[in-house]
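Report on the following structure.
Labels run A, B and C following the written order; every chain starts at residue 1.
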Amino acid sequence: MSLRAGVQLRRGTLDLSVDIEVRPGEVLALLGPNGAGKSTLLRCLAGLAAVDAGRITIDSKALDDPALAAFVEPEDRSVGFVFQNYVLFEHMTVVENVAFGLRAGGTPKAQALAIAHDWLKRVGLAELAAARPNALSGGQAQRVALVRALATSPRLLLLDEPLAALDVGTRAQVRRDLHRHLESFEGMAIVVTHDPVDAYALADRVAILDAGRIVQIGTLAEVTARPRSRYVADLVGVNLVSGDVSEGVLATSSGARVVIADAPAGPSLAIIRPHSISLVRDHPEGSSARNVWPGTVVEIDRLGARARVSIEGKLPLTAEITVAALESMQLRSGDDLYATVKATDIEVYPA
Amino acid sequence: MRTKRLFLVSFVAILVPLVASCGAASGGEAAGSGDIVVFAASSLTDAFTDLAAAFNVVNPDAKVTFNFSGSSELVTQISQGAPADVFVSADDTNMKKLAAAGEVAGDPVAIAKNTFQIIVENGNPQGITGLADLAKPGLVVVLCAETVPCGQGAAKILKNSNVTMTPKSLEDRVKGVVAKVTAGEADAGIVFATDVQAAGDKAVGVEIPTDVNVVTNYPMAVTKEAPNAALAQVFIDFVSASQGQAILAKYGFLAP
Amino acid sequence: MIWRRRPKRRAGVPVWVTALAAVAVLFFALPVIGLLWRAPWSHAWAYLTEDSALTALRLSMVCSLWATLLSIIFGVPLAWLLARVQFVGRSAVRALCMMSMVLPPVVGGVALFFALGRRGIVGQYLDRWFDLRLPFTTAGVVIAQTFVAMPFLVVTVEAALRQLDTSFEDAARTLGASRWYTFRRVTLPAIGPALAAGSALAWARALGEFGATITFAGNFPGTTQTMPLAVYLALETNPEQAIVLALVMIAISFAVLVALRDRWFIRAGSESTRVQR
């Protein structure tokens, strides 16, 4: 009982060939650059495009299988789609938008509107039921688009860059809400994003798509800690540290303290980019770096001219240094050292 | 329809100087020279085109340009200041109308007569032999509207012969009747004998007895505002003389 | 919001734009003023209430509305096909369907003979098998009017469909709406203003149709004599009545076009004003 998709498709310069599986209750994040085929893959799953070869099944039911000449139309797929720009119907009120799917499915008008009202109440938009979509803020529109898709009780929910159109201020709040809704969603979900923070907050697993191929798939911890290619490393190979911020310090549950430049107090997520970490053998004196963490080298991965050094300690980290630096320091697994980072190099997001 | 008239007027306006520049070749002869514009009833189209060619042989320095249209439309155009030297009407009524508007110089000259025939498709597939057949049920008959000379004539003929029938259409011009019969959409119509002849092998005429038939006059006159009244008169004289009459007869017109 | 801001911008309109636009307005207004100036006002009512005038007016209304309806029924799917479906020879098909816009209407009427007349490609079978003859019938008038009017609707609606973001239709499909439900509830409302404008254009063109009508359908009071034909024939015998009839046509189309514009464009503008605040 899951989504299985083998998708092969050629469109212009795109040569898409992907195999994925998503289990019920699971959220898969799909990361990749523009033109990698993320949106095309979603369109295939939704039935808005047909695959050239392959097979898409939900709960063992074939939705698209050229070999069997089977193709289920989008309206019969039980797939919800939240578009990047939300595409709310401008000529309908908010509640009519949410009721649209139920109405299209034959639910009587009064009943559909009642259900739609319930959904709006759940996302705190009950008082905007009679408003027109162009009266909504970005965050409100995003929530309406989400409940409009959820109102049809889809087995598979597809979200195309659900947070990309939002400004930084509303993003964290909407991300938190979205996380809550996805958690309670019993079906399968796929979120397309280019932001590792979104993936961290929303997804159980991530798949990295590049030029039509999945180059790595796994839990976020696996992928960020051990990117299998230079490309994945650049895209998501970051240190994600979660904890509570108070008075300019983020404290982790393991007891590590991360000094940060400035961020509002409360539960937060910090990103420490591996290339902003310096490694030194001895405790530095008189350095401008506010963070100095002791640790032990557990693994060294060479990726071309650079090396990723995994360090265990109160704050597990991955640092990225040049191979030349690695050799001049003569680092080996098991070596003790200090990792230092300037507070201004750390990005902090409210979680 | 306003645009159509505009188009015609502007067409003539463009054509006149164009033709004038082409015709100003060699030195003048005694008979007549220069350009004239003749506004003539559309039933004269073929005959007058032929006439102009013959006229040009005699008067090589003269250039005749035509504007063929329904007589009443021509009257409207001339009244609105269209540059005409000569007006030829397919009936007396329209000539009188133009004269009443003070646009005619001198007395009109009768140049031809015309009479009516029943026009049917070539081979006469419906076997029409006379006016009485036009009332046959199921037969598609088209006539001219009574606002134009051929319609007035047709109405009078039907009245004279005590035939009552309902036409399918009342065309705004005689060529509309001819076109519908030759296209096979109408079975019969009443048009001028000259129109039947002009339709060539696409149509044939069924004679209408002279005691019920109507004869129309073709009066011709120089207009009041004629830019070249002298040549206009030369042209009218040519049409009235034996050579002009012979050409008109060739196209089925009767002598005046 | 956008709408309210417009008066401010008016100050910046270059003088030459205003001048040329004014010439254009005058160019259209003067002929109408000319008709009003020459209209025989004392007899106007008498001319207007003549049976022949009322018959022609009624026929014109009935035929032009039918032509508009047919244009919508067949033109909207055609526009959709041209806008949304890639197929070989699409440009050629589009050009073919626009042909009657440039064809002299009289030629169009003759062409209709060859197609639907009783000797026409299709018409001969209509005649033989169904005893159906279109020339010289009111249906013939509707066909002639539809022939010249439909392209105006197709052009307008196709442009609107091309501009419409297909995501809206995609979203509707994923929400469980069939193609037809999507078209009815999403596409149609979105292109509503364009459809209204296209219909108005098609209707106006049908109302003024002369050449194709008189050629294909003929001219007979009560069955095929529409207002333009009546006006044209009156012009030869009774120009005063022709002017009155022409003014009636102008008044009717003026009223409809103004009303439609208010309904679709101004109202849509004020609505977004209100909501955006």
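Here is the rule we go by: a contact is a pair of C-beta atoms (placed from the backbone, for glycine too) under 8 Å apart; a residue touches a chain by one contact, two chains touch by 3 or more.
These numbers were taken from a predicted model, which means no experiment stands behind them.
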| item | value |
| --- | --- |
| Most distant chain from chain B, judged by the mean position of its C-alpha atoms | A |
| Core chain by centroid distance, with centroids computed from Cα atoms only | C |
| Separation of mean Cα positions, chain B and chain A [Å, integer] | 85 |
| Chain centre separation (chain B, chain C; CA means) in Å | 36 |
| Centre distance in Å when chain A and chain C are each reduced to the mean of their C-alpha atoms | 52 |
| Chain C to chain B touching residues, read off their complex | 31, 110, 113, 117-119, 135-136, 210, 214-215, 217-221, 224-225, 228-229, 231-237, 239 |
| Residues on chain A engaged by chain C in the complex (per definition of touch) | 43, 46-48, 73-77, 79-81, 83, 85, 87, 89-91, 100-101, 104-105, 131-132, 134-135, 148-149, 152, 158 |
| Parts of chain B lying in touch with chain C, wherever the complex brings them together | 1-2, 70, 72-73, 76, 140, 142, 145, 147-148, 167-172, 176, 179-180, 183-186 |
| Contacting residues of chain C [partner chain A, same complex] | 165, 167-168, 170-179, 181-182, 185-186, 189-190, 192, 271-272, 275-277 |
